[in-house]
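Labels A, B, C and D are assigned to the chains in the order they are written; within every chain, residues are numbered from 1.
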Amino acid sequence: MYRVVEIEEVRDEAKDVKTFFFRDTSNPQPGQFYMIWIPQVDEFPMSISYIGELKGFTVKKIGKGTTKMHSLQKGDKLWLRGPYGKGFKIEEGKALVVGGGTGMATLAPLAEMLGNKDIIIAAKSEDEIIFRNRFKENVFFATDDGSLGFKGFATKLAERMIEEDDYKIIYTCGPEMMIRKMVDIAKERKIKIQASLERYMKCGIGICDSCTINGYRVCVDGPVFSEEILFSMDDLGRRWRAKSGKSISKEENHDIGEKSQ
Amino acid sequence: MLETVVSGIRFSNPLLLASGIMDETADSMIRISKSGAGGIVTKSIGMEEREGYENPVVYELPNGLGLLNAMGLPNPGIENYKNEIKNALKGGVPVIGSIFGKDAGEFLYLSKRMEDYGVHAIELNLSCPHAKGYGMEIGVDENLVEEIVNEVKKSVNIPVWAKLTPNTHKIVDIAKAAEKADALVLINTVRGMAIDVDARVPVLKNVYGGLSGPCIKPIGVRAVYEVYRETQKEIVGVGGILNGRDALEYIMAGAKAVQIGTAIYYRGVGVFHEIASEMREWMKKNKVSKIKELVGIAQVR
Amino acid sequence: MLETVVSGIRFSNPLLLASGIMDETADSMIRISKSGAGGIVTKSIGMEEREGYENPVVYELPNGLGLLNAMGLPNPGIENYKNEIKNALKGGVPVIGSIFGKDAGEFLYLSKRMEDYGVHAIELNLSCPHAKGYGMEIGVDENLVEEIVNEVKKSVNIPVWAKLTPNTHKIVDIAKAAEKADALVLINTVRGMAIDVDARVPVLKNVYGGLSGPCIKPIGVRAVYEVYRETQKEIVGVGGILNGRDALEYIMAGAKAVQIGTAIYYRGVGVFHEIASEMREWMKKNKVSKIKELVGIAQVR
Amino acid sequence: MYRVVEIEEVRDEAKDVKTFFFRDTSNPQPGQFYMIWIPQVDEFPMSISYIGELKGFTVKKIGKGTTKMHSLQKGDKLWLRGPYGKGFKIEEGKALVVGGGTGMATLAPLAEMLGNKDIIIAAKSEDEIIFRNRFKENVFFATDDGSLGFKGFATKLAERMIEEDDYKIIYTCGPEMMIRKMVDIAKERKIKIQASLERYMKCGIGICDSCTINGYRVCVDGPVFSEEILFSMDDLGRRWRAKSGKSISKEENHDIGEKSQ
């Protein structure tokens, strides 16, 4: 069953990224996602990026469904099911939040709840940075081209910061190659880590096996996984599944290839 | 206590994973094997790689009625499936390779490949759209069913199971047409659909889909009961099994084993262990020491 | 707002009482008429008085899934039914006389008697066991359906509705065979059964029964959608309607009116009034002024 | 869905009448009934006659199902659904309880709850009287043959008692002819009355129309009805429905003919 929500506000966040605000009876945890259905167009998964009374999805335009969504305005409707999946678990100690691209949308409501934390917001360039003004303190930017903040990959900035501070937990979301790298860093440095993964989803409810990575269903067992599982995920950043379920390596995965690390 | 034998294959318990649910990737099949399933049926595999239909492909019916799905038979294609089977076999329980095709030739080819890959048995998914006609299923055409079953039986040495559709008034006739099969699997999903009133359109991209879960259990139990009565065949029951009593209901109707799909959505991956212990509890209370004492016991003579 | 016309008969709202539920006695039919039903379909009446099957005749499925019934077509017989019809007409809403028979001759006779008694239309219940074959229903035999519908149409002057069974893969073919009917009623109950695990026997005395209620709604909506697409006929939808949204779902699939049965069990006799106001509320919110604007609107072209 | 209960005790109550005690999770009101299924034999309606921790059905042997039930013993099982229907509503003021035959089984749990009351227990003869010792005070017996208490119909004794006392409410259950008479008396004397009716039941849940009397379903709208409805019931004690649903008059109703008034 879907329920219908009305868009109450649309906000431009960055190039091709908008946040859609709505009210809904559900009570999501940071890291959980919904399936958004736009009738006769598409249905796709979307993390919750604002979890208060007024909830939000922060959506990057990349294909059929998200392009249609970007044409929607205040008063238009969205069909939802969810919230689904397991969100972040808040751990003791200073946290490092590392968000790449719209991955920051997934992390934002968590970051707002954390006390002692540093946040890295990364993107290819300044015009793709989201939530530039959402956090008042302890925010660091990284862009591939250096147009805002640190010049280079988020993972590089993160490594430097980890050398200088005693983080107890890393929370991350973004391109899978970036997550892979952050997981490797965490393993090496023996820091706890939670990452929210994205895999191609069909059912969203754990039955179709399309989002599975090493036997873990991103939609139900995740999307947020902790270090014990992340460290064991051989396929993370290495092997994907085509829509058919066929196993494909990094080289064959054109979708992933396009995305920045 | 729960051991059962179907078409000569020994299962440590009668609770098998149904085709199409968490069984496209080897890792998932291994996980389900380790979660207490007595056996695994793979996703139905065809000749070519298929992406399946576009989203929405699944609709959650309200109030625990079940699911509607129209996945569109996504699968990597038989040639790409070798490794999945090879790895899935490491789960340590029998693996049944499910296949679909548009005619006897395709079924034949797919069966042989599956046999090569090492599966313990073949499950013929006879419920896909029939290429010759329109909108009809292969599984409602006695001649085609008979041809497919007989051809496959002639050319493989492992047991062959035939999975039948409930979407017909001829289920007993079809079961008889499939009499050369080593076991019958009843039932596949029931044809249905849902319209979202606010959207004013069908929910599934494919419009029509297959009903599964609690809402189809009375239809599945009826099919098993009817077919068991009219044929001497071994039967695997499937459709809406959510707990130990549901599994026992199918067994009492005539099934030697059952398959479980949608219950994973309702109860999680632990459902195999849980149902097994619910069955054992009932059996202890009712002083039944072997599951086979119950097979077909509810048949009114 | 809710007025609808089916086969030329005007109903103040599209919510009719389904055959077999609280409609054997005139007093009950009057009560339902006064409770807001737009029209009444009587219990199916046959040639002879029949007591029906022994108890249990009804099984309540758990968790609101619906009901299984095998009443066995109890009815006073057509000759004893004159007074019930005469009195039922005092309810002030159209009364449709449902009949069942074993062949065209019986249907013909029953239709004429019903017409004499003053009903507004005939509903042919084509879902009873077929006398010639075994276990088959009249309603899955295109030739018989065509013969019955055509014979009855030739000999009565009131509209004739044909109620079809969902227990077949041929529903569109059957609908086409019934094309002379003024309207099609979809669907009758779905064949099912239940076994009580503790008793180790089927629950219903008749073993097999008909599923009704929420669990069959996706099957009914699909049947209406499919038949509406393939025929030009007027359709009355039935099966699992519990609330206003369910009724609208059938209407959007292509039904001009709907029938309500099992919902009386779940929501009581007030269900007609309640569903009507749920529909009106949705229509107001969605700025739809006439129900007929919604008929078939969900058809994907 | 049925649930299974185990018979914990069987007690002889009178000729062909036994009470079966069992434990069950349901919480019935006096006047409600259950459908008892004896697999492969029959399913039939039965009022609850004891409503405490240990519940009871008091059953007269009259046909297939009840005969089988009489052969059951401690440890045997019954399959139940229910409780169904509407029970008695307790009214202010002195009550007269009039039970004929096993009708007293339906009334007994109510009678135990009433404060100010007189009870008439009636039957054809002494050996058919049930609950002879269940009530300590204010109990009056009536038998057709005078073998116990008042000689004559319960309705006659009731009329006499009503002449002498100021009853505010009559509760009755028994053969329909007796109920008809009590309803007429109550109407004439302007006393409130509640009666529990019995009609042939199939579904027990208000859909099959077999138990209907003047549009009221005994199984759902009753079995207990109050004066407003009872006074309007033309068919009460006059017309019944055969199993087929055919309307039959008193003369045609052999089952009823046999029963004492």
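Going forward, a residue touches a chain if its C-beta (ideal position, glycine included) is under 8 Å from a C-beta of that chain, and two chains touch if they have at least 3 such contacts.
Source: prediction; values computed, not measured.
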Touching both chain A and chain B (chains): none
Centre distance in Å when chain A and chain C are each reduced to the mean of their C-alpha atoms: 51
Centre-of-Cα separation between chain D and chain C, whole angstrom: 36
Distance from chain C to chain B - Cα centre to Cα centre, in angstrom: 33
Shared interface positions of chain B, touching two or more other chains: 61, 198, 200-201
Chain D residues counted as touching two or more neighbouring chains: none
Chain-level touch network, classified as line, ring, star, complete or other: line
Pairs of chains in contact (touch as defined earlier), listed by label: A-B, B-C, C-D
Residue ranges of chain D in contact with chain C within the complex: 1-2, 4, 35, 37, 39-40, 42-44, 77, 79, 81, 202-210, 212, 214-215, 217, 220, 241-247
Contacting residues of chain C [partner chain B, same complex]: 61, 63-66, 68, 135-137, 140, 165, 167-169, 172, 190-195, 197-198, 200-202, 207-208, 211, 214-216, 218-219, 221-222, 225-226, 245, 248-249, 252-253, 282, 286, 294, 297-298, 300
Complex interface listing, chain C residues touching chain D: 20-25, 27-28, 30-31, 43, 49-52, 54-62, 67, 69, 71, 74-77, 80, 83-84, 196, 198-201, 203, 261-262, 264-265, 268
